[in-house]
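The structure under discussion appears below in the form of structure tokens.
Naming follows writing order (A, B and C), and every chain is counted from residue 1.
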Amino acid sequence: MTVYSMENPLFVAYAIAAAIMVLKIMGQGWVTVYRMTKSEAGLLNPEDLLPGPANRNPHPAQLEPSDYVERSRRIHRNDLENIPAFLAIGLLFVAVEPPFWLGSALMTIFVAARLVHTVVYTTGQRHEVRATPYTIGSVIVIFMAAYVLVAALFFR
Amino acid sequence: MTVYSMENPLFVAYAIAAAIMVLKIMGQGWVTVYRMTKSEAGLLNPEDLLPGPANRNPHPAQLEPSDYVERSRRIHRNDLENIPAFLAIGLLFVAVEPPFWLGSALMTIFVAARLVHTVVYTTGQRHEVRATPYTIGSVIVIFMAAYVLVAALFFR
Amino acid sequence: MTVYSMENPLFVAYAIAAAIMVLKIMGQGWVTVYRMTKSEAGLLNPEDLLPGPANRNPHPAQLEPSDYVERSRRIHRNDLENIPAFLAIGLLFVAVEPPFWLGSALMTIFVAARLVHTVVYTTGQRHEVRATPYTIGSVIVIFMAAYVLVAALFFR
């Protein structure tokens, strides 16, 4: 039997975690769009100053950095530094067949940590609070990568 | 039979879409290199001001932002916000076995939308024009993620 | 037999390469954290100026760009422009079943090139030196993507 089948509970757990994380990444893009539109600020391109439905009252200051918009971009960037690595290593973690409880627990905690990270970052909590979910997510990915590496090198 | 086999037409469709999108990402890196070299601008590192084959007439203004070069970096960044998520969810979409016509149509449209997005962004079309292929690509990834999530939660 | 099994030597080679590259990405995040903490500079968020265990003597200049910290972010960004594409195409490369020597050689050289790239970038070597491992890694990913594309289009 193949490990990559919807009949493997850990693969299903991975599919659920990955789908939620993909929705997280894509949703952050729309938060940036929403914030640019609402604040009429934080635009990046000279052509975005053309008047039109998306920008009715353009002015040059719209190209200056806006913390309201940049915050969403920083969250997005932080996602991109963590989630694609999780998506890749999670798939391989399934292949090396850890105990189901371990695999599903790590994936669940990772997803929860990244969602909490976004809430904490969006609301501007202090650094130490933001660092906690970041650290949890990062340590899980590192653990999964080390587990895959050891399994691939020594236990096949 | 496993879904991840070159005998599964939807997996082959995914492989084609993914390969084109990977070439898109890598190509954008070389566009940035080309633009830096051609305009002798948009460099990022102090050591890039050392005279040599890649920079025959260095001067400090080369470290200032250049819209010609930054535009390629913004396109690249937009790719990184969308394409890795597609690559991950496309693979899982294959696993939940949607109708072939649906899967291959979504993947084809996604690839086309991202290539159009690059052309539109490179040529500096107005915001509303650029937003269209971005939206199409983003909605397809979101749909695929929702489809995987529902299939994994309810239909296995 | 499925290609995605720990009994396929090339899949094992991919798992090893992918795990190392995931550790590389995650490690760079911690290098940025280390550099921010050590130099007390390069912070990104207004709330990071709140006094606390992570920042005992806050001052507004901490929000200005610091090359020491930004260099780590640039390395990270370069990783994100190259490694996720490798992770996606490497998996598909396994599926089209190239000769083992070719697949494992390309993956090994890619991993080595990206690790050398980080060393060269971290130590601020001149542009031409940094461009070499970047080019090697990029060309390998492009070759793998072209190989997958041709195999998927013509040889199935």
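Note that in this section a contact is a pair of C-beta atoms (placed from the backbone, for glycine too) under 8 Å apart; a residue touches a chain by one contact, two chains touch by 3 or more.
These figures come from a predicted structure and were not determined experimentally.
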Roughly how big is the turn, in degrees to the nearest 5, that lines up chain A with chain B by CA atoms? 120
Same or different: at the chain B/chain C interface, is the fraction of residue numbers used by both copies above or below half? different
Return the distance between the CA-based centres of chain B and chain C, expressed in whole Å. 17
Which positions in chain C touch two or more other chains at once? 2, 4, 80, 84, 88, 91
Residue ranges of chain B touching chain A (in the complex, touch as defined): 2-4, 67, 71, 74, 80-82, 84-85, 88-89, 91-92, 95-96, 124-128, 131, 138, 141-142, 144-146, 148-149, 151-153, 156
Per the touch rule above, chain C residues touching chain A in the complex are 2, 4-7, 11-12, 15-16, 18-20, 22-23, 25-26, 28-30, 44-48, 50, 52-55, 76, 80, 84, 87-88, 91
